[in-house]
Structure formats: C-alpha cells, structure tokens
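Multiple structures are listed underneath, in structure tokens.
Same chain, two partners: chain A is paired with chain B first, then with chain C.
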Partner chain A sequence: MTGKTILEVKKLTATVAGVEILKGIDLTVRAGEVHAIMGPNGSGKSTLAKVLAGHPAYVVTSGDVLFEGSNLFDLAPPERARAGLFLGFQYPIEVPGVSNSAFLRLAYNTVQGARGNDELDPLEFDDYIQDKLKLLEMDPAFLERSVNEGFSGGEKKRNEILQMAILEPKLAILDEADSGLDIDALRIVAGGVNKLRSENNALILVTHYQRLLNYIVPDFVHVIEAGRIIKTGGKELALQLEDRGYDWVAEEYRAKAA
Partner chain B sequence: MSSAALQNLVNQPYKHGFVTDIEADVTPKGLNEETIRAISHKKDEPEWLLEFRLQAYRHWLTMAEPTWPNVKYPKIDFQDISYYSAPKPKKLASMDEVDPELIRTFEKLGVPLHEQKALAGVAVDVIFDSVSVATTYKARLAEVGVIFCSMSEAVRDHPELVRKYLGSVVPPADNFYAALNSAVFTDGSFCYIPKGVTCPMELSTYFRINTQDSGQFERTLIVAEEGSYVSYLEGCTAPKFDTNQLHAAVVELVTLDNAEIKYSTVQNWYAGDHNGVGGIYNFVTKRGLCRGVNSKISWTQVETGSAITWKYPSCVLLGDNSIGEFYSVALTNHHQQADTGTKMVHVGKNTRSTIISKGISAGVSNNSYRGLVKIGAKAQGARNFSQCDSMLIGDKCGANTFPYIQVNNSSATVEHEASTSKIGEDQLFYFAQRGVGAEEAISMIINGFCKDVFTQLPMEFAVEATKLLGLKLEGSVG
Partner chain C sequence: MELVKSNYLDGLLPGETSLPPTPRDWLNRLRGDALDVANALPLPTTRDEEWRFTDLAPLYKTTFRRADHATPLSAVDIARFDVPEAGYRLTFVDGHFAPHLSVLDASAGLILKPLAAAVTEQDLIAQEHLSRYVDFHGDAFAAVNTAWLQDGVFVHIGRDVVLSAPIHVLFISTRGEGASYPRVLLVADRGSDCTLIEDFVSLQDAAYLVNAVTEISLADRARVRHIRLQRDNANAFHIATCGVKVGRDAHYASTSVALGARLSRVNLNVLQAGTGAQCEIDGLALISGRQLADTHTLLDHAQPDGRSRQMHKCIAGGAAHAVFNGKIFVRKDAQRTDSSQQSRNLLLTERAHIDTKPQLEIFADDVKCAHGATVGQLDAEQMFYLMSRGFSETTARELLTFAFAAEIVERIPVPSLVQRLEETVVRQTQTRTSQP
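Now for the complex of A and B:
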C-alpha cells in the first residue's frame, strides 16, 4: 500500500542565528505512514520540526519542501496550520488568564473555518469537544484552566494531542511527545495518537527514545546527525539504537562516505 | 524654545481640518487674579467659591511643577493658555474632513454615526437619542433623590453641598495641578446619593449632555451618604479629541458610613500620531475618602490614550473597616508615556486595600507603575495586597515599577507581588501553529493578562475595553 505523498523535503538546509543546523535533509512522507526521527542532542531533530512549521528564528537557506505538491514556504506559519500541518510542541507555551476552552475554540474555528467547516459557538464547541476529551482521558475541568498554566508535563502533552484531535491535520509532527511522561501518561498519549491515525494522514515522531515507538509503531526510522539523515531503516533500527547507541551509525556513515 | 513654538505645542490642533471660523469672545491668554475673578463672575458664582479659587491660585504661584514623574515633555507655558472662553473646538464641516484612520477605528468599535461626529468634532445639529435618553434618565434619578448634574448647576442649585465637600478630599494646595484646577476649573460633574439609596442605574458622563464642553480643567465631586451605593462610569472607548493639549482634572469621592462608590474609567484621549507628535497631557488628581465606617471606594481604570498620563487614583481609608480598591490596565504604544498607580492610605482600624495593576508597553513607549501603601500608627490590623504585572511587546519599550511602602503599625499585613513578562516570538509561534495570526494572538494574550481588571468593569464596558486594547496594539508586532 503506497499512499499519496504528503511531504517531500529535498536537500533542505537551514540556519539559526547564522549557524547552519540542517545540512541537506531529504525526506518523503506518504499518507498512512509513521516516521520516527531519532538522533543525539543537537543533531537537528527539533530544528527540522520548527523549520517545517515556520518558526521565525530559523532561516531556510536552500532546498525545497513540498506539502501536498505545493511549496510549503509560500505559506505563512498560520496558513501552514490551516493547510493541515500540525506541530506538537516539546515545550507548550503557557497563556495566563486565557481559558483552555477559549484557546481551543479559537484554534478550531480558525483552522476548521479555513477549510469551510462551520465555526462553533462556545456551547456547540463544548458538545463537540467531549468525545475528544474522552480520547485522552481528560477531565472536562481541564477546559476551564488557563492554557497550559500550572499543567503537569503529562497534562501539557495531552493538551497538545487534544489540539491535534480537533485540528485534524494531514501531517502531525510530534516533537518529543514522550518527554516527561510517566508510563500511564505515555500510554494515554500514545493511545490517543493511534486513534487519530488514518490512511489519509501521516505522522512524524521526533524522539530520543525507543520507548514511545513500542506504542506507536513506525514504518520508518531515520537517524539524524549533524543536520543530515545518515541512516534509514524499519522499526527494528530503533531497537538497535536503544541497544547500541548512535555512534556505530555515524561510523558506518563516515566509512561509506570515505 | 521660542514662544511661537510653545504656542503651537500647547494649542496643537488635531492635524486635519479646523478650517472654519473661530467663535468670537475669546478672553486673552494668561493667568492672574483678574482672569480668575472674570471666570467666577461670568459663572455668577458665590463669594466663597471665588475665595476658594483665589486661595488656590495664590498657593499655586508658590508651587513648582512636579518633575518626579518618569515622563518627559517640553516645559508648559501656563501664561500661554486661555483659561475661560477658550476658543471652542473648531467644528469640521463634514466627516470627509476627519482622519480616515479615526473613522476606521470608530467603525471597528461600532460607534453610531452621530456619535462619531460628536467625538471627531464634526458639527452635529441635534442628537435626538441622547436628548431623550437624558430626559428619561433624569426623571428616574429624581424619584429616588439622586442629584446628578454639572458642577455649575450644582453650585447654583445645591451650594451648601458643594461648599461642604469641594476640596475636602483634594485640598486646593494638594499639588501643582490640583491647585491650578482649583483656581480655574470651568465645569464637571456633581453627584449626590442620599442616605440609604442604591442608585438605580450606572451613572455616566456620556449621557450628561449639558456639559459637553467641560474643557481642560474638569472638576468632579461624588458624595455617597450613609448606606448608599453608586457605580459611576467616566469616558468611553471611542477616541476623543480636544484642541487643548493640557488636561488637569480633579475628581473627589466621599463615602460616609456603609456607603460604596465604584468608579470606572476608560480613557482614550488622543495619544498623538505614530511619531509622538501631539496628543493630550493628562495630569489628573483623583482621590476618594472613605470617611465612614465600613465604607468602600473602588477605582477601576483602563488607560489607553493620551500622550502622557500622570494619574494616581487613591483612597484615604479613614473609617474603621473601610475598603479601598484599585484595578488598573494601562497600555502605552508608539511614543506614549504613562506614570500611573495609586495611593492607599490606611488611617482607620482593620482597613483593607487591594491593588491590581497591569501595565502593557509596546512600540517605543514607557509605562511606569508608581504606588504608595501607607499604614498609619492607629491602623490596627490593616491589610494590603498589591500585585503589579508588566507586559512588554517588542524590545524598544520600557516598564518600571516604583512601589513605596510605609508601615507604622506592627499589626499590619502588607503583601506585594510583581512580575514582568514579554510577548515574544515563541508565544506568537505557538498561536501561529494553531492557525492564529499575530494580532489575534496578542489580543488573546493581553485579554488574559488583564482579566482580573476587566472582570471589575461593568459588562458592556468590559467588552468594549477588550476590543479597544486589540485595536490599540494593531501592528505593534512585526
């Protein structure tokens, strides 16, 4: 089964504060696929996620990215979100004084409204979101709290997946979705993500550790180092990395290049 | 600076229009005892009020303009101002002559056309709605004995009340601008709530049509007798223009036993253009005196306008168990400067005060909170809680907090919390990644930041204030 291509990254390079972090990334993601991007700290994993979503601190210096066949960089960051690109944040931002429900509803109305769906008033939205809350085993009281303020690590991550659930992206990039989660929270987050998968959407998991991949099984595992993807394999590659670390991959890559 | 330049400065007209004739009968510029006698005579005032003015003037002569506020502006020539029968704001012939940006703002705020004209200084024939509203209004207030009229009317019709309370909270010699105001005030509002009466509606200067030109030296006095309650609204969210650059108002509130006054302000005077040219200097003295036991005065302000704001709505808590509150949002953008805050002076036993101040700075503006909490020697068990939060938008603006705390009674409890935050690219990126553009994101972040103050505003004011802050910050982030 080969799905339609959602994302095509070609020879992408990018800098932050004048330092080149991405040095030529190639990556193709098709509908229905799960890709894991792994690598040591500072290898460029999170940078790739932020560049795709359009963080203003990162400058694309060369290469192309096609999102459903169109140039992704023609779209401003909010337009990318409306077009169906979702980034689950490693460190979600706190917004004191703004209720989570108001924030979620604004996001829903902006993104779903742009796709021609009806905007929901607060009561309609309250009805709508109940099922999504159940998906992540979240208490409705959660909606009345300020966005991410005073949330535990697990609550913040669940809130990210809740946003993914209501925005229904074609491509979700989850940056360290498992960091700071205990085993129960990990199961809930992963369970929620799995229920949101379909033949029409795709997932990129940026992670340090193999353990998330026990719950969300990837079709491809990519190892990124010094701004390049140096090895791609199946789910078994993640297990090897867990076992042996990253050094052997780098050595193998350098030997091949020499 | 040359005197011609000063004249331009003080009487800077709004940049568009003002081409029609100036109304006649302009008194010469300048201030001396003769000017004050002339003002008092023209208003047909009683002798005691003339004395009040003259004493204030004589004291004013001995005072120096305060230089301690954290604001900068060229020196004002007080002899270059017309203090009475100043040229009436020159009327524009039609809306076509009004700054299109202003009209756009009105439209976004949903201001009806006839009000737009009044606010922009366009000639209006008759405002039917306001006339009828005001009439119904007066009848309902008269039924319960509430007096709500212009200060001039009050001096004529209720001289004993005015004489008893005028200057009792802000003495004529209180400060430089209060003294000036006491000498030359032209009009303002007077409000009296009799014993035991809960005012049946929120009082608003907006509906009090007979004092439209109360001018640059406005005087307000509100007295709440024992067990009474009133909520008073000042200003409106629509931008307001005036040809007079200097505004020095005085507001005095008095509550007797078990009485409460809730005073809400939305201030959006012309702030000058984006380069900091023009704009109102708003140098205001506002103070409330909780004279009676268990009485309460609550100030809520949303300050978004004026080139310079210099204002400290304060409470003197004289009666035992009396309560003072100050809830403030002060927003500055472009070249605006604000030095605002409050003073809570605890005199009586078990007096309580709360200060919640939210300062927002954008552009190249400067925003300072300045507050004093003073606990007197006899204020057994007094309590204060202060929270002063600042938010910065961009990296060229400034925020300062100057809290002064003086405690002379060891049984008192004083708490002060402060924070500074910044709307940065990471927050905006988070919103952007959820499909939300920068302006909507800022608006939501700011409204969350100001929530504790907005909940104190009357409902319709709160909705308007929310919209207003969004408008004021348009374009402030790249």
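Now for the complex of A and C:
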C-alpha cells in the first residue's frame, strides 16, 4: 500500500510526572493502513496514544509528530479532534448529567462543522444516528442516558466506536478496544471498526493481546518495550507473540544492540 | 410595645412603629413574646458557631424599613414569573398581599388564603400550628419575623386530599432599603398530597432585606414537595428559616435553589417526628461576584424506621463564598434509620471559596448512615474526554458545570421551572466561566 502519509512520529520522548516513559518512538502511518502496537504492561503503549491525543498529564520532551504534514503539537486537543485524530479510550469517562444524545450531537456539530459540513438539529441528528447505532447493534435507549454513566464495559467500548463512526477520523487510535469484552461484544466492536475503514483513513490498535487482531487484521505489528519500538513485523508477528510472549523479542533486541 | 433601643433591631429598623393589635389575643401575645426575644438576643456575629462563616456586617450597615403599602403592580409586571403548571398563586408585593395578582381557586378540602384572614377564620388551626415548627427563642431573625407577623400564606389541606396542581407563592421586592417578613404556614392533614413553590424575586436592583419564616406540618402519610427559589437581586439580603415536622410514614421532599442575593442564609430544620418518616433534601447554590450563600440544614431523626437522603451542591465563581452546614441527628429511639448526605462543591475560580461542614450525631445503635463532602474543580479526565471529542475548553467547562447543577434542578417536579432554571444556569455558567 502506498497511501499518503497521515502520521509521522520522529524520535518522540515524553514524561509523566517527571518520569520518562517514551524514549524515542519512530512510527509512520499511511492512509489505508492498520498498525497494531503491542507490548507488555507499562511499556508505554497507552502513553503513546495519550500523547498523540494531547492529554495534559503527558509532557513531550523531544521529537516531532507530523499529522498530515503539519506539527501536531501546534494543535490543542480539540483542534486535533477537528483535524481528524480520534482516541478511543481504554477506560471511557463517565459524564453524569450530560445526555449521550446531546454529547454526540455537539461532538458531531463541532467536528463536522469545522470541516464545512452542515450542523444537525436534534431531529436531524436523531435520523442520522440510527444507521450508526445499527452498525454497533446499540439500543437507541443509550442516547437518553448520561454519557457512559452506568454503562457496562462492553457498552462503553461500543459507545467509543459510535463516536468514531460519527466523527469520521482520518486516524483512529483505539486503546485496548477489546479489554473487558466478551466474544460477542468483541465481534460487534471489531465488525463496526472494519466497516469504518477505508483507503483514506488509518487505524492504530493499541493492544495487549493478539485476540483483537483475529478480527481486525493489521498490516504492521510493532512491539514496544521500555518506551521504544523494538521490533516491527507483519500480522504473523502477533501470532508469534501469542505463542512465545514478549521476552524473546527483548532478548533479540538487546543482542542486536550489543 | 416599644422597641428597646440597644440592640441590632435598633440599627436595622430605626423608627419602626409597633403593629396594631390583631383581634386574636393569642397572636398578640405571640408577637409580644417574639419582640421581647428579638430585643433580648444579641447581634449574631462570626464569633457565634452558627454564623462562623457568614459575616453580617454588611447587613447592619443599611437601614431597612417595612413598606406601609404595596407598590401597585399589574399582571404584565409579573408575567415573567408565571408558572403555567400552578393551579393557585398568592402574590405578595413588599410583604403586602396583592389579591388582584393572586389566584385562589376554591378546591374541595383546600383552604388557601392570606394568613391575616386565616388567623380569625381558621383560628384553631392557625393557633395550633403557627410558630410551632420554627422556634424563635434562639433565632433573632425568626423572632423579628414573628414580632412583625402581619400577613402571609395559610394553606390547609384536608385529610386524603390530593392537590394535583402546585401552589405558587410569589414574594416580590420592589423597593430599595425595604424590608419584608414573608411568612408561610402549610398544614397537610393525614394522607394529603401537595406541591408548594416559594419564589423570591425582585423588580429592581437596590438592596433590600427579606426575612422569611416557613412552617410545614405533615401529618401521618402526608406527602409534600417543597420548592424554594431564591432569585433576589444581587444586592439583596435574604435570611430565612424553614421548620418542617414530618409525621408517621409521611414524605417530605425539598428542592432549594439559591441564585440571588448579596448575602443569603437559609436554615432548613426537619424533624422526623413519626415512625417511618422520609425526607429528600436537595439544594443548589449557584453564585458569583461577591455573593455569599449560606445553607444550614438540620435533619432530626426522632423515631424508628426513618429515611433521609440529602444532596447539597454549591457552585462558586468570581470571589463568591458558599457555606454548607448539614447536621444529622439520629436519636436514641430512631433505630433502623437509613440516612445519606452528600455535599458536593465546585469552585470555578481561585478566588471563590467554599466551606462545607457535615455533622453526624448518632445516638441509636442500629442505623445506616453515609455522608461525604467534596470540594474541587472540574474533573480533569472529564475535561480531556470532552476536548478529545472536539469541544473547546470553554464549552467543555460550561457543559460540565451545567451538568453539575442540572442534577439538582432536574429534581424539581415542575417542568417549566426546570426549563427556566436550566436556561439561567446556562447563562450564569457562561458569563461566570468567561470571567478571569
């Protein structure tokens, strides 16, 4: 595939509470591609996702990130969302008192409005959202509840993909999209994500387990450890990791470096 | 009866003449006792535990006088305060009953009239209940209100009578440096059911004083929903005490919203006097600028099997100061009481200030009590979540502030008030968060 470059990460380092978590990440993502980022707990997978989305607790200390050729760090988090970057949260946040329908419509109008699309009033949005709900087999009653409040783990994850569906990002980063899902919910979430893929957008899957990659097949698998990408391969690498764990990759990397 | 000129009444109300006697001796005696108490009680200061956080000095600087007559108003003047769901309305202008702005439809089992008429026409009920649920002996403001008791609202709901439409009581202040002493007495007989809305508003911007007392008695199995809206102007002083007695298996639900006044203090004292009594107490103070809003509540569980749930929220912007003091007593006999109290507070600026003090005193051994208090800024993870979906920081802040307030507002069982208050909240949170 030779789609145009959407994301270019160069020698990125970042800290949380003064501790360096990312120690020089290089990654290029082109349109049409699916990248899986795998690694043991604490390796920096989620940190990379949050740094790209602009979480205020994470401080970029060096390196560059270009999003469609422009400096991503010039954009505040809402501007990144409007530019087409989407983070699917590992633990979606509950927002009591804000109805899911109002939240989704405001998000749609903010992001799609910034791209020159017409804003939708509540009735129009209600029509628009029906197909998206079907995509994720979600009951319309979800719209009347407060954002994620009292949702089960699976419901929260489906609500994340619903947001991805209406915001139509160029790059979606899904952080542990499969954690807490039973096999039926996993099939629904993965099926929804696959239907949203196109040759114009790209996907980064941050995941601990290979299971999700049976449903959303990656073009590249990256292994991250101690804040660095230490190995990149095709989809077969994920199966090897499932069989053999992560230790051999780290040993191979250290042997090469020595 | 003459006022002794050595106390705070002197400062607050110089030149006030005593009221003409009423035709009822018991009422004349009650007023006389209250005047004696008002004259004897010292001026509350921040040295008093009950007034620790609320400095009344600004109140004492101004002289407030009762209006000897009501400013003439027409229906147009008060149209914006209309509550379409209400079946009845009593309007008071500067403390004076305004019959032409009131709707007192007759309804079987309901007596709804000005207190001045009720003290003669419903003499026995008025005498039995008036001044029984708010004790003025330790409360100078309640004593002054009682000493100056002239008129007010009288509601008596007969046994098993269910009132489907709310009663709207509108207190309008039209004069700078005016003082009014609103008084409400609601007597709900066994098994009755009603909704009372107390609404304090102003038609001008100068300072005035509202000193209100409300008394509510719920007999066995009665249900009362009580909504209190304090939207006085930003220079007003608003002091109020509400006393409620909840009988066996009766249910009292209160939602109190404080938006206005430079300085407001509301005391809500609920006595769960019968077995199985229940109450739900919700409060919201949304203030900014240099406003101070102080809420003191006391829930007294005196009998077994009672339940209470309380949620009080304060949102303070600008250099505003919110105070919440919530006492819960569970008496020795009040076994199997189930009580929860939450105080949640949101500071919108660094200059805003909130004092919250939940107090739990339990003398029974078989009880379930939960309480907690939080004071904070908006949740950083919620902010980031909204911003990651394209919301600007300002929009995210406004939305979360609105949601925080809406949880209380939406508990008001009157849709038009919910809508109007939510519009007010949107307006206030927008102007408030944009201020530095």
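One rule holds for everything that comes next: the second predicted complex is superposed on the first by the 258 of 258 C-alpha atoms of A that agree within 3 Å, B and C clash if a C-alpha of one lies under 4 Å from a C-alpha of the other, contacts with A are read in each partner's own complex, and residues count from 1 in each chain.
One rule holds for everything that comes next: a residue touches a chain if its C-beta (ideal position, glycine included) is under 8 Å from a C-beta of that chain, and two chains touch if they have at least 3 such contacts.
Computed from a predicted structure; not experimentally measured.
*Asks:* For the three-chain model obtained by superposing on chain A, do chain B and chain C clash or fit?
*Replies:* Verdict on chain A: clash between chain B and chain C.
*Asks:* Go through the superposed model and pick first if A:L196 touches only chain B, second if only chain C, both, or neither.
*Replies:* neither
*Asks:* Figure out whether A:L75 sits in contact with chain B (first) or chain C (second), or with both, or with neither.
*Replies:* After superposition on chain A, A:L75 lies in contact with neither partner.
*Asks:* Contacts for A:V59 in the overlay, against chain B (first) and chain C (second): which applies, first, second, both or neither?
*Replies:* Neither: A:V59 stays clear of chain B and chain C.
*Asks:* Identify the partner contact of A:G97: answer first if only chain B is touched, second if only chain C is, both if each is, neither if none is.
*Replies:* The answer is both, since A:G97 touches chain B and chain C.
*Asks:* Taking the two structures together, which residues of chain A meet both chain B and chain C?
*Replies:* 53-57, 76-78, 80-82, 86-87, 89, 92-93, 95-98, 103, 106-107, 110-111, 114, 146, 163, 167
*Asks:* Spell out the residues on chain A that touch chain B in their complex, using ranges where they run on.
*Replies:* Spelled out, the residues of chain A in touch with chain B are 53-57, 76-78, 80-82, 86-87, 89, 92-93, 95-98, 102-103, 106-107, 110-111, 114, 146-147, 163, 167.
*Asks:* Okay, in this complex, where on chain A does chain C touch?
*Replies:* 53-57, 76-78, 80-82, 86-87, 89, 92-93, 95-98, 103, 106-107, 110-111, 114, 146, 163, 167
*Asks:* How about chain B: which of its residues touch chain A in the complex?
*Replies:* By the definition above, chain B touches chain A via 425-427, 429-437, 440, 444-445, 447-452.
*Asks:* Which residues of chain C touch chain A once you look at their complex with the stated criterion?
*Replies:* For chain C paired with chain A, touching residues are 380-382, 384-393, 395, 399-400, 402-404, 406-407.
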